[in-house]
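Per-chain residue numbering starts at 1, and chain names A, B, C and D are given in the order in which the chains are listed.
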Amino acid sequence: MNVTFWYEATQEREPGENGVLRAYPQGLAAAVAEAFAGEPDVNFRAVTFHDPENGLPEEILENTDVLLWWAHVNHGDVPDDLARRVQQRVLRGMGLIVLHSGHDSKPMKLLLGTSCALKWRDDDRERLWTVLPGHPIAKGLPEYFELPLEEMYGEPFDIPTPDEVVFIGWFAGGEVFRAGCTWQRGRGRMFYFQPGHEAYPIYKDENIRQVLRNAVRWAAPSEIGPAPFCPNSPPPEAGH
Amino acid sequence: MNVTFWYEATQEREPGENGVLRAYPQGLAAAVAEAFAGEPDVNFRAVTFHDPENGLPEEILENTDVLLWWAHVNHGDVPDDLARRVQQRVLRGMGLIVLHSGHDSKPMKLLLGTSCALKWRDDDRERLWTVLPGHPIAKGLPEYFELPLEEMYGEPFDIPTPDEVVFIGWFAGGEVFRAGCTWQRGRGRMFYFQPGHEAYPIYKDENIRQVLRNAVRWAAPSEIGPAPFCPNSPPPEAGH
Amino acid sequence: MNVTFWYEATQEREPGENGVLRAYPQGLAAAVAEAFAGEPDVNFRAVTFHDPENGLPEEILENTDVLLWWAHVNHGDVPDDLARRVQQRVLRGMGLIVLHSGHDSKPMKLLLGTSCALKWRDDDRERLWTVLPGHPIAKGLPEYFELPLEEMYGEPFDIPTPDEVVFIGWFAGGEVFRAGCTWQRGRGRMFYFQPGHEAYPIYKDENIRQVLRNAVRWAAPSEIGPAPFCPNSPPPEAGH
Amino acid sequence: MNVTFWYEATQEREPGENGVLRAYPQGLAAAVAEAFAGEPDVNFRAVTFHDPENGLPEEILENTDVLLWWAHVNHGDVPDDLARRVQQRVLRGMGLIVLHSGHDSKPMKLLLGTSCALKWRDDDRERLWTVLPGHPIAKGLPEYFELPLEEMYGEPFDIPTPDEVVFIGWFAGGEVFRAGCTWQRGRGRMFYFQPGHEAYPIYKDENIRQVLRNAVRWAAPSEIGPAPFCPNSPPPEAGH
């Protein structure tokens, strides 16, 4: 299974001390990669917005079974054409896991059709409740788990009614959030997962890593289909 | 529109001082009735478990457009036949609003097919978030509103994925709950609404009353259909 | 209620004899307008792609409660900005009824996120089955009704799983189609309704007109909300 | 994976010539068993209504990961307690595949909450369309496939809106039917699949067998959970 982690890497490359490197001295991608270190059938690869063709030239995208998308400050800089190519590949079957501030990314909004707007605030404590305990993405997770520091994301969250809500977040400051949501688009499966602010070591948390592993397996396609099109179609002959 | 409020009235009739009468000196039903006092087209009627035929003889049920169901200590005493008659009328189009501890009632469980189990604890503070602001049941409601004292009901809540989640509750003690959920069953619309512990004057709260009014209008049927059955059906003649 | 019917009017203005005028000597819009002739609270207005600002200047769109969209040959000519303005107004609460070949329009695809691809063929007989008889859009409709000539639209139809499927079409040539589907997007309600090929007098059919009337009432917003945005939000004070 | 096929075996044991044995000289179960003959990790077992404890004593049910249920003439004879035990095990995670006239069985109706009523007629030709081609249950299936003779099952089908509709059936006589539907109930996954009239050799069809294999894998639980219950729950300590 080819898993590609697309991320910006913009903030962690900023000169001087920065919050991302404090939380992730090896960079954000290294912590995500570790989540898959014990999975021999997962071929993990990290690419960035700053790579050639913004990290997703045709030969990489066409060889990706599940794409993880982490983004924050470069949403507007992602070319429309790249966003559309991601959308088209999801419709053909690729899994897409959108992480944290990726809620505001072009691929997420193209595939869902809404603004994906939400409330936010820095520095709160979050408790994530597993509300659909039998779901494959919840496998092995406890009834709830905590993140001592996370950015607050609060309702109302302007998304289409999810096919399934797997996790709901509780924030000490008084908010709730549909923190883990699934949708099917075309032949592809999408999962949005809210935790992951870059200034806290969220992706070093073992529960979070379990969710990532589960989500990737859940979203993996059985096969990639053809691009959807509108054929003029004669009647099946037996139909007459 | 004929609206019937079915409730137990068991606790409030207990001798000596009791918590229900402290919260509702005129009884629970009087507070619910007041919610509809300014609605001239709503013909409101309260019946109880202790009435003849447990409050729902055929002539009342057959003249009810929307039924509200509040229950707590008599779930097991409700005759199976009454629960099935309620279920059948919902399938034909009657609206059903299940309140608070009614989550464990026979009609709710018959119509949803799951255990409707949840966590609970007395005496917490709840904040209800409107997560689907455009929904008719949310009309006129603020982004969130609070209940200073309510029984905590917490996830996981063993229900089928709701058609829509209109409200999510946040509890100061650390839990979340899908507090306002809709389902369609047959021709009928159902709404479960969590607030309403009998020891607190929840049904005197103006936001709660607005939800009840909205829910009743949303659940009202355009027409009551025939009982579903399985006809042996000749092919439509033009089909051959 | 302000109902705006947006359509292309391109084919019916073509010189010489044309199929649209054979089916609709007064034009397509006149037949749709007649569906609402007996509805005194509906303020019906028809606009076309060829009008100034393609028929939907800000002052018209901002005064529209429910927009009907019929399109076929000019999908690509609709400005992206107009499609986005329609999308934004749906997210704020406006109802949107997409008709027939409008499945391939920019607003439909922007709001649903999929290709909306389907099969098609001219000149078949369609029977529409009411599969959700209690739904407001099915009010007053028979168990099934027929269109002696309609363009065949067949599955697979590349749409997100609808919130509700109200009608399924059967075609004599051997296909099926989810012919009447609902989705909520933001605060707005959408309904896609497949019948309506321009060369047959579909919109003169009384059942079709009943569906249009029902759909418009179902999709009408209780209120138009603000544009969605992402506020930095302090904690509710009681939360601390 | 332990797969148990529960069926009535009543009709095929009737004296004299009978339709089931004409279609299935070795009996219905032998044809279903053959579908799994090439699956070494599937431990297939067939039990019948006429076995001790109606085929599902506790030690069998508790060792079943996925239960297939085929029934027709003995629905009313199945003990309520058995139906409830099946329901409870689904809520804990067991997969349930309900076949053909099992739509009217006690477990199906207990889990869905509706009448599951439908239209029916003998001896029609059915074409099944794959409307959700990316779904695991549709893996390897063609765009459509045919059954030259099948009992007609037609809409309206009184079921809760399925989580997913994978197949829609087209009948030559003029009907349509949601022929393959999924629902989650508690931790368990359910799939209803319409083909399977006992008088035609439906379960010898290779496409039908592929659907059965896919459905069993899709419905298999990752783990069986505890019975749902309603705990009095102290606040998570960090929550205060």
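Operating definition for what follows: contacts are C-beta pairs under 8 Å (C-beta built on N, C-alpha and C of every residue); 3 or more make two chains touch, one makes a residue touch a chain.
Worth saying up front: this structure is predicted, and the values here are computed from it rather than measured.
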Q. Same interface as C-D shows up in which of A-B, A-C or B-D, over half of contact pairs matched?
A. A-B
**Q.** Inter-chain centre distance, subunit B versus subunit C - centres from mean C-alpha coordinates, in Å
**A.** 34
Q. For subunit A and subunit B, what's the span in angstrom between their mean Cα positions?
A. 37
**Q.** Junction residues of subunit D, two or more chains touched
**A.** 127, 132-133, 154, 161, 163-164, 172, 174-175, 184, 186, 236, 238-239
**Q.** Graph class of chain-chain contacts, one of line, ring, star, complete, other
**A.** complete
Q.
If we count contacts the way the header does, which residues on subunit A are in touch with subunit B in the complex?
A. 127, 129-133, 143, 154-157, 161, 163-165, 168-170, 174-176, 178
Q | Contact footprint of subunit D on subunit A as seen in their complex | A | 93, 125, 127, 132-134, 136, 139, 144, 146, 163-164, 172, 184, 186-189, 221-223, 225, 236, 238-239
Q) Which subunit A residues qualify as touching subunit C in the complex? A) 87, 91, 104, 110-115, 117-121, 124, 152, 154, 158, 160-161, 163, 171-175, 183-186, 227-236, 238-240
